[in-house]
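Two complexes come next, and they have one chain in common, chain A, joined by chain B in the first and chain C in the second.
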Partner chain A sequence: MSAKHNDGFDPRRNVTIHKDAVAPDWDADTNDNIPTEDLAPLLEVTDLSVDFTGEKGRAIHAVDKASFTVYPGQWVAIVGESGSGKSTSAMSVLGLLPGTGHVTGGSIKFNEQELVGMGEKDYERLRGRYIGLVPQDPMSNLNPVWRIGTQIEESLKANHMDVAREKRNALSKSLQEADVKVRRTDDELFIGSQDIDDLVRTTQEALASSHIENAQGKMRKLRHEWVVGSETRWAVAQSLIREGLDEETAWKIAKNHVTGSSMKDRVAGLLDEAGLPDAATRARQYPGEFSGGMRQRALIAMGLASRPDLLIADEPTSALDVTVQKKILDHLQEMTDTLGTAVLFITHDLGLAAERAQYIVVMYRGHVVESGPSLEVLQHPQHPYTQRLVKAAPSLASQRMISAYEEGAQDADAGLAHKQKAADAIANGQAVIEVQHLVKKFKLPHQKEMFRAVDDVSFSVKKGMTLAIVGESGSGKSTVANMVLHLLKQDSGKILYNGVDTSTFNSKDLLNFRRHVQPVFQNPYGSLDPMYSIYRSIEEPLRIHKIGTKESRLKRVKELLDMVELPESVMNRHPGELSGGQRQRIAIARAMALDPDVIIADEAVSALDVLVQDEVLRLLNDLQAQRGLSYLFITHDLAVVRQIADEVVVMEHGKMVEHGTTDEIFEHPEKDYTRELLDAIPGGKLSLGVDL
Partner chain B sequence: MSNANSVNPPVEQEPTEFDRKAPISAAQVRVIEDGTTTLPGQERFVASVEDIPMQGIDQVDEAAPASSMWAQAWRRLRRNPLFIVSSILIVIILLMALFPGLFAHQNPTACSLNDSIAGPRAGHPFGFDLQGCDIYARVVYGTRTSVSIGILTTIAVVIVGGLIGAIAGYFGGLVDSLLSRLIDIFYAVPLLLGAIVLLQMFHDDSNIWKIVITLTLFSWVSMARITRSAVLSAKNLEFNTASTALGSSRMRNLFKHVLPNSLAPMIVTATMSLGSYIVAEATLDFLGVGLQGNVVSWGVDISNAQSQLTSAPMILFYPSVALAITVLAFIMLGDCVQDALDPTGELR
Partner chain C sequence: MGKYLLRRILQMIPVVIGSTLLIYALVFLLPGDPVVAIFKGKPAQPQVIAQIKADYNLDKPFLIQYLLFLKNALTFNFGKTFSGQLVSDVIGRAFPNTVKLALMAFVFEAIFGVVFGVLSGMNKGRWYDSVILVLSLLLISVPTFVTGFLLQYVFGVQLAILPVTASADPGFIDLLMPAMVLGSVSMASIIRLTRSEISANKYMDYVRTARAKGMSNRSVTMRHIIRNSMITVVTYLGADIGALMGGAMVTERIFNINGIGNVTYQAIVRGEAPLVVSVVTLMVLIFVICNLLVDLLYVVLDPRIRYE
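So, the complex of A and B:
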């Protein structure tokens, strides 16, 4: 039996390894020796045009003559603002255009096979097995009535792909240049839960009888590696050989004890691969019991279940916290590296693209405006749009925005001047809002103990300065904002406004407080009443506080619109007709209507595209310089904090982790958590747009 | 595979046209993963600025006409042919109800037994009923009773049901629990049964208000339920929080923000059920517990005509058709309004 695996059958059916072609020293310079001319791309999109049919049959060009290429094992990023056609281009590869969308021209070639004009039946064969998809929204893309395991099982069954993994190893083996010959079917056998105990015992005996040193340590390592339903016979044999067993014994053990797994094992194995610990239990849970990050992992497991050659990931981690994003992407990268899967990912985050992708495609209004090696494109952008995008992208390298209103002779001077002023204010400034030992507890279902959403938080917002509260979802930062806004009552602790405890306010004081402390909320789509015209929305605070006459209010609304740089004509429009950034401007105008002292911005720019975000931040900054406003800025985005804040409070699980000036926090973070947050920022260490 | 233990024998995957054709070498894979070498087709490309003109960031499209949700709904409504048909019908019906004299010159209550079950003749296009009354005049004059009961009931239902539903949904907690149980209790009583029992007590009264009140009493519940759920979803929207933070009071939020945002499903339900109130009224008349005696009403006429169904079926036919057309017109209108207010079909 043991000789059989050496009988010359090469599982890499269509893989030929040119060992000789590999230059001995492996540096970038010697790459010229490698013939890349004969290398066929995995996906070749040429002059792709996609139209949507609008009202009255009018064609809307969503994508216009877009071209890009993906090679096997490569990460390719498509970046662009919303509506640039990036998702549409990717979805047309899968033949999954929404609504009235249809391909009007160009070609999409997958492994030299034309996909445009293919029938639905052919697409069904293509999807899953050859091209996997990780959709954008983890919240809506899992069916809430089915267990996670059932849904992954479905994606395996749909492709008649219980266990095949041959393709995976074709590439991974050529990566390792391994010279192992195995029977092909062996390669598709996974460790089953019924075999694992025997496998471990036999291995222990074998290790002992071969007198291998540190057998116990090695065994532990092997046990950790051997994930039921994920490791193949081939991989088991390889790991045994690596640990010092001779080839024959290793293969004997592998052949006897890796005999295939049940579907259940397979599902658990896939979840484990996607980085969900305790996979067997997880598989029995429903999507509702998963957090956003866990759902995204489950979706990645589904996307990769059938070992596709290409994985299309549409903003796979945009909805997640940076640290979770980093973990998931690291894991995905590890997986795709071993599987040899190519990844086409869509993102709006330039840092992410720079860090992860080898090749980048920048799209603008349906056109590819620039493409090429990602670092080169992002460090030396040539098209004005790319330049604009790179310039606007906040990064850790960026500096505090300096408003044109306080700019002196030179930017550098102004920066220093501001720094000096900020330092003074932080040290001696008068506190507008002061928060002392704030605590908020919530009752969680099925739990006796109260959940401490905010746990002993103290800080003060100085007049004319910006204090940012940074943290991940669930850190309690928004709860703090709501308590400061007097929308939630704290359980203990004090909030002082100009030295007066807000909990002692009567209704008249409260109305006065509301007049001076204004919020700007996160969701530009939700914070404006869709029934109200823009005029009524901005006028509302004036009406509530009974300020002015009809004429004077109209004048004020016009002024406010001018202040946020919107034309007067939007007055008669409704929120539904405006973009997210424009709505956020309206929300700012509404907040400014009463001439407040403090603005509390809860994730005010998080939902916006990079360029729009930059503009809104500039607007906020200018308003601060002009009017001496104080900001309490709640955000999860450290790069934004760097641009706008003077002081930073870092929160984790309701507790204050670190508190300091922006420079202190960014340059000398003291706590591990802060460092972790800073490290997780995609492309944080890369400096983009070096020659801008 | 001969292995008996294998729970899932590996499936041979048939190669398809999507499989890789050209071989790939380890060296090539390394080159790809390394990322420093530009591969064919991935050379640097920069589009010319002339081809794709740059636009300002996030500019307002001032060319597009401004429109509110209502304006958009009206635009969709106007284009719907069903709306045009139903609204023409409803205009005629309303005119008949307001000015029956414009349509019929006979007095519906001036009857002469000489004409009993007489056929149509000049000036009397539908003929006469058993009492010798002009059927055409009675059909025209009967519109007022049916339509006014329908409209009045709808208004009452919207006010009562809407208010109770809104309060239950908006305040929640104990208020919601109590009101919801009340809604459940009324829901358990069938409209017709309740109406029959109640109307027995006012048997001889020929006032239309008794019908309106009875119908309202047993049909406000569905409106309350719909309003409650609409308010529940509208009250959690962020603009309410925003408005509170601006200094708005709770009640002000309810009437200025929450209710206006819950109106669409209320309007749809109201127009859809208007027709059913008219039917209910006719049914009650027919059963002899509704309007009685000398009131001109389709239900009463249908009820009276049933005894002559075999000898003179047309006496029953005309008021029935009038009733059917009216109900159809209102239900069609409700359908159109629903499509216009909710083009995505979310309310359904």
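So, the complex of A and C:
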């Protein structure tokens, strides 16, 4: 840590509790990091206001007088929908506001040092070393042209965490100061790749000669613990003492055989800490060779590389599958707990926030509307916005939505009535879409064997019901949707529409089929032509199918807009002028234009904010009740499934793992995989708001 | 990768055959009899004309002429010019000058194009960005012979600091002004390309992440903004080497440089098919090889690209 004193910047200079005064043994003692009342706050944001300069110099207030505090070692979550100013607040702490953003008022104190108005050079010293960042989108946050290892090395080098240099600095310092503690320099020495073999052999010998019981088992444990580039000399000594060696021998082994790692070892160690297997090889790969989850792990390793006191995690997992999300967050939590790092966790998911953070800050349109201990906020939300958020949070919902249009919906046991109806329909109902033993194979490069993306999948969508296909990305669920939509040809198996095999369709039948089976896709930004007006987008299917005159089509578009609860005035606007939720409504209106029987929704609500998602789901649900539509719902989000589906198909690696009614799946999951998916629902086990 | 390389090299064969055939046909179809033109309108004995025609295979049908040329070319025998010199000698004398000129132009456009482009892109909206932008637009829109004559007049005639035309065996000073003229248009394009790449890459998420790591502005700019912008710029530059060699004709004429462009011009005027086709074949080869090298360079620069 000597480098940090040399660079002339020390945000801790006024702090009474000096973490560095104690040996910085990150791995062992977390006691002094547990937040207590008398501890000084690590980050104190008071009345922060951030403006963006819009067109014609008009100021847009992105954050307005926001205040929140993070104590050392604490997880604080900022919750809010997109545009609420949560990311903007976090980025102003790092001094990395995008574009025209600038702080117009308030203060940001980090370890009692004011950050607002600080120079760029001072920020450069602060970033990485004191405040780390795990950004939102793992796909765009790694530079595609540099190896993963190189990019992690950059964060070590930028903060002078170069192990070799650190050693030199410490040595020169120990020559100047007599009272330098030996342990400090030891702590910067990690096991090197050249050390490990000798270390293991000597330890084996030592364990054998001291006649310790179960020496082999202990050795295995140690071998697993000792990760090159990650374990320090001090930690090695401690683990040896723990396994029963006397202190003198333990320190002797540690001193002789932990001689410091190279930069490469350290990078591999960091990646290993972030939960990436086979880290040394992985470090030499490019981001393009990594999956989303692996990239996010690399970004976590990067954010924590220089051991910051505060980590800003900006929706670190919202681009990932729920199961991956759970694994990564579990790991991050474990790491920050052992390192004593405080985390400012930005998320739109209240359930996730409540599950992970001790303290929640709710932001709405730039204001902090509510803040307090997680369970307190969740169970007794005070502000109307928080109350809506709690209500809408899919992860907290416990049952299917019941449309107000449904018969008997006003009854107290409408849910029960719907269940009865659904059970009937599933048992005896008429199948609109029936899929039998569907198989789709793809050719993968460099591989002789064909990859079975969809492997023997069968199910049927009953009239007026919703069937959801759930699975992680790569499970083949979207491939099934594309085959049902007749956009992709199956290799074997049958798809029946109203009892007729779709593969026998001629072009006229196909047109008719397309008219009655309509898709709604995931990305409302990509599925609407940006050059088309909203009117033209919705009218297009009518025009293609030559339905009605110009006047009747106009009338129909107006009706459709009314149906999706949008004003007629949006007709002349373009997709770029609408919000994500509005665009998805337009996409639904377009799908509804031809009065379809079936709507195939491929992750139709995944890209939307919680409240908007809730609105869109309700809209879909109402339309179903009014028009007897059947839905095939493709999603990775089991929380959404619970809200909308009657029947569930769980897919893994192209195979159908489980198939049953929603209640069966949620209450009595039979397969481990399904249980894993259910466990991964954030906040799934938290109790609902009590005051609602 | 090896397979890819082999395929690319095999692809060069039809490209070379096709382009030479096309050029041969074009020269063949030129109006007027080249042999008659040798005598500059003076009457000549029919036997002499017939003899010359036989010597140069001009009496044979087009396709036979072409195939004979191809057969000789494969054995590196490119024939003789009408004045009796070996085509290989003529090219051998002119080619080094063109290479020198093209390389100088290349270095000029690469250095100034990238430097001004980065300067402009990193400081979008500043006054010098606007100046650079206007000047580059001017260079793109004004044809080379105008810039050529202008520079020749200002630096050669008025200020007399650089030679007006090149000597028979041109050196660095001789070629300085021609190289600048030749490289100016591409330089302007590179400025604009670099500028747009830099200003797009500046806002990439990974650039923000790099800053969040605590990297200095300097290293972020070098390693993440400029490095990534160079992928397209270097590709453009590579493809431009071929264009510079082929495009030197105008510049070589203006500054009277004994280069390939000048030789081609003379040969076309005289209707000397073997010379024209030999030069063009050489150009085509250079072009194709440059393009192949660029594609290979692309793999090095952008690890996302993998050729199968």
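Side notes on the structure shown:
Note that the second predicted complex is superposed on the first by the 628 of 692 C-alpha atoms of A that agree within 3 Å, B and C clash if a C-alpha of one lies under 4 Å from a C-alpha of the other, contacts with A are read in each partner's own complex, and residues count from 1 in each chain.
Note that a contact is a pair of C-beta atoms (placed from the backbone, for glycine too) under 8 Å apart; a residue touches a chain by one contact, two chains touch by 3 or more.
Remember, predicted model here, so these are calculated numbers, not experimental data.
Bringing the complexes onto one copy of chain A puts chain B beside chain C with no clash. Once the two complexes are laid over each other on the shared chain, residue contacts for A:Gln74 go to chain B alone; chain C is not touched. Of the two partner chains, neither chain B nor chain C is touched by A:Pro277. Shared-chain residue A:Ser140: touches chain C; no touch with chain B. Within the superposed three-chain model, A:Gly499 lies out of touch with both chain B and chain C [touch as defined at top]. The partner of chain A that touches more of its residues, comparing chain B with chain C, is B.
In the superposition on chain A, contact of A:Pro41 is made with chain B only, not with chain C. Applying the stated contact rule after C-alpha superposition, one finds that A:Arg125 touches each of chain B and chain C. Between chain B and chain C in the chain A overlay, the least Cα distance found is 5 Å.
Shared interface residues of chain A (contacting chain B in one complex, chain C in the other): 125-126, 129. The touching residues of chain A, when paired with chain B in their complex, are 14-19, 21-22, 26, 28, 31-32, 34-42, 44, 68-69, 71-74, 110-113, 125-126, 129-130, 160-164, 166, 171, 174-175, 177, 185, 188-189, 192, 194-195, 259-263, 265-266, 309, 337, 340, 358-359, 364-365, 367-373, 376-377, 382-385, 388, 485-487, 510-511, 514-515, 518-519, 521-523, 526-531, 533, 540-541, 544-545, 566-567, 569-570, 572-574, 576-579, 581-582, 587, 590, 594, 611-612, 615. For chain C in complex with chain A, the residues that touch the partner chain are 203-206, 208-217, 219, 223-224, 227-228, 231, 301-304, 308.
Chain B meets chain A in the complex at residues 1, 3, 5-13, 16-47, 49, 51-52, 54-55, 57-58, 60, 62, 64, 66-69, 237-239, 241-248, 252, 257, 260-261.
Per the touch definition, chain A reaches chain C in the complex via residues 94, 96, 98-99, 120, 124-129, 132-133, 135, 137, 140-146, 151, 154-155, 158-159, 286, 288, 299, 302-303, 305-306, 445.
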